[in-house]
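Chains: A, B, C and D, in written order; residue numbering restarts at 1 for each.
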Amino acid sequence: MAIDKRVASAAAAVADVADGARVMISGFGGAGFANDLVLALRDRGARGLTIIVNSATHPLSFTHTLIEAGLVAHVICSAARGRGKGLSVFEQLYKDGKIGLEVLPQGTFAECIRAGGAGIPAFYTPSGYGTDLTRGKETRRFGGRDYVLEEAIQADVALVRADMADRFGNLTFRHAQKNFGPAMATAARLTIAEVRVVQETPIAPERVELPGVYVQRLVVAGGA
Amino acid sequence: MAIDKRVASAAAAVADVADGARVMISGFGGAGFANDLVLALRDRGARGLTIIVNSATHPLSFTHTLIEAGLVAHVICSAARGRGKGLSVFEQLYKDGKIGLEVLPQGTFAECIRAGGAGIPAFYTPSGYGTDLTRGKETRRFGGRDYVLEEAIQADVALVRADMADRFGNLTFRHAQKNFGPAMATAARLTIAEVRVVQETPIAPERVELPGVYVQRLVVAGGA
Amino acid sequence: MQPLNRTQIAWRAAQDLQDGMVVNLGIGMPVHCSDYIPAGRELVIQSENGVIGAGPEATAEAADADLVDAGSRRITIAPGGTVIDSAWSFAMIRGGHIDVTVLGAFEVAANGDLANWDSRIPDKGPLVGGAMDLAASAKSVWVMMEHNTRSGGPRLLDACTLPLTAPGCVKRVYTDLAVIEVTPEGFLVHEVLEGLSHAALQARSGATLRFAPDCGVLRAPDLTDED
Amino acid sequence: MQPLNRTQIAWRAAQDLQDGMVVNLGIGMPVHCSDYIPAGRELVIQSENGVIGAGPEATAEAADADLVDAGSRRITIAPGGTVIDSAWSFAMIRGGHIDVTVLGAFEVAANGDLANWDSRIPDKGPLVGGAMDLAASAKSVWVMMEHNTRSGGPRLLDACTLPLTAPGCVKRVYTDLAVIEVTPEGFLVHEVLEGLSHAALQARSGATLRFAPDCGVLRAPDLTDED
């Protein structure tokens, strides 16, 4: 049977995301947010989610809609500050102790996800050594320098935004849309990609930026 | 001043490789050997080298010429067996205790090099756990599974074969030529790329496979 | 019936590769599995040198020195294929993204221990390659090998005598005589060569075999030994 | 002379960026350094979202929502530029491939300790981003900041009072009043604003300053504060 990872809609793609799922969401700096899938996940209404996303509060990401809908129990991110002077819904929940939060240096966040997809359970990094953020974490000296031990991050589902796909799930990304998508796709049991277009012919080998091996479902953005 | 990493010849590119240098050499499965640079390094005659190469004995790689010229003190690789029934020069030296050898699982070899370029001094891997090859190495349990601690590999020089370059040192690779080149380029203080052609215009952003940040010198293959 | 030749063993293993699987085929005999995948099944052959979606071996005219697999064979790329670098290729392997790897072996133990990397040729250098990574991290490790050594000794053992590639990893073994599952209770035989009694198979094995209630007959079409 | 405005501080730091350098410019004030690199120097601006070879901010017509920097500015790609993913971008940063990062800061200590990530706004969520990775691993960390807080307190200190971004990492500080090197013996001033005495600069600092024998005058062209 020919491999074909297209599904009919974002709603169908997230229909089996369960309560308590760990969900990665791509996007950074205004680009690469898997917003159709995030909204579908909000409509799906699975509760007690752990959200793994670079920023919990970026205004162009719809991650905040999951938080506002009360679906999120825990956030792992590198940026958790709302832009305004007042408190965002996330910050209010955090203040009230109603949402868990783990903040990592962005490079550690990225590497933990890469490790999660690469079969590396833990690694040492210089980032954050000697700071409050890594207080209590195991440290070790290699070659006269101090490092922090960090463990891999994996997820049940990754929601990833890309540009083009083919039926095999191969992806290309436009410019800075790339960011966390490729690593997150490797670190989840189920990766769903939201793309501008699924082309009928295979993407040329040298243009594939993420092999379809890492992608289980494809949705065309705006097609829900 | 415009960035331009082209140098006149392979000989010029390796002219300052010192005795005792740690040298990475790309290539695997018959593709991607930086053979012009290897021959130039042999002619350069620096001694006591540590060679970091996937196979110490692949017949299509000229790595063996460095060993035969008596320039190599130590080899780090994943494959060290000559093809014939008799002993290769490398194997004879190894038998006689005249050359050092460290053999790693190929994935560990690759990841140690990637770690060397990525600022990760050490990581845990499942590969090789419970085997003679990792005997004596530190182990640790994560999530009910056992892992081996492996340390990063770095080098003074990486000799990397690629297809196209531009003056910035951006590289593309043809097919399976890619193999260890990208990781090695990140893990050496000085990376020299041997390419089919240096094009006058910059490689299109989406076609760059290794950013020029990692490449210090460019040589056109066959142009020495 | 004659014991299966190596090509027939590859054919038999290939029949169990399912639609959509990501499969890594070891150097030598296992790569020939790709020639015998049942018609209509589409799967992704991963070669650990980074070819994701390896196609058949190239014709002499189409052969390209830069397009090779981990065994240095000049190959093609299948539709939907691409090439990644070695660090990423092994990240894929180690990360558990390979559904099945089919490997050659010297010995397999009843607890799934695999020995396939060190043939202990005096003074020859050690050859590890990617076997340890594949054995440790593929979701399912299948072995194909002759049931016995050239001198007639068993390769299915209570405990391996050769250095391990990885402990407790093998799930299935395809030999010239049988198809065997490795279960928590040891070897469980699912198919035996026609005309070979269970007792005769047991006699050629170095560990206790159990036989599945529906244990069937191992058959393969006539195929010339390619290896 | 007036203290430098923020754009002038960026201008001053930019004068020290050398040909061929790989440079990461922090969000906010530091990104403006790229506007003032001396003519004829070609260098590579790395943005930690993966743009390697970031060009100037895009015009309104050319702006592309998918082509942004780490500060969400819509930018262009410089000739020779490319885009890599975040895991690789930070592998590049952590691996020591960034020659210089220019970061904003709240405080810098005489031992090079940097505090720039936590402004301790009550109940607001923590914002770390990539600063810790850059501070820990760039070959050279430069800071640009006002010499004093809004309430007049010093930002150059014997020890930071705010949570650290990284210990012992800062090599140079560019302020509205001076250019200061961080040496193993503490702060060494290389340039002071015209008309400001060494004693006055010392009075506005929270750690002992030494002055280089050739300590010069800090000057910048007239530039409107962009920030």
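A few notes on this one:
Operating definition for what follows: a contact is a pair of C-beta atoms (placed from the backbone, for glycine too) under 8 Å apart; a residue touches a chain by one contact, two chains touch by 3 or more.
What you see is a predicted model, and the numbers here were worked out from it, not measured in a lab.
Any chain that touches subunit B and also touches subunit D is listed here: A.
When the interfaces A-C and A-D are ranked by how many C-beta pairs touch across them, A-D comes first. Relative to subunit D, the most remote chain by averaged C-alpha coordinates is C. Separation between the centroids of subunit A and subunit C, computed from CA atoms only, is 35 Å. Between subunit C and subunit D, the centres computed from C-alpha atoms are 56 Å apart. Spacing of subunit A relative to subunit D, judged by their CA centroids, is 29 angstrom. Taking each chain's centre as the mean of its C-alpha atoms, subunit A lies 33 Å from subunit B.
In subunit B, the residues touching two or more other chains are 111, 114, 118-120, 125-126, 175, 205-206. Listed for subunit C are residues 77, 83-84, 91, 93-94, 137, each touching two or more other chains. Interchain contacts give a graph that is no line, ring or star and is not complete, per the touch definition above. You'll find the chains touch as A-B, A-C, A-D, B-C, B-D.
Put simply, subunit A touches subunit D in their complex at residues 28-32, 54, 56-58, 60, 78-82, 87-88, 90-92, 94-95, 101, 103-108, 110-111, 113-114, 125-133, 163, 173-183. Of all residues in subunit B, only 1-3, 114, 116-120, 166-168, 170, 186-187, 202-203, 205-206, 208, 211-214 touch subunit D in the complex they form. Residues of subunit C that touch subunit A in their complex: 19-20, 22, 40-44, 46, 52-53, 77, 79-84, 91-97, 137.
Of all residues in subunit A, those touching subunit B in their complex are 111, 115, 118-126, 140, 142-143, 145, 147, 151, 172, 175, 205-207. Within the complex, the subunit D residues that touch subunit A are 47-51, 64-72, 74, 77, 83-87, 89-91, 93-94, 118, 121, 123-133, 136-137, 163-167.
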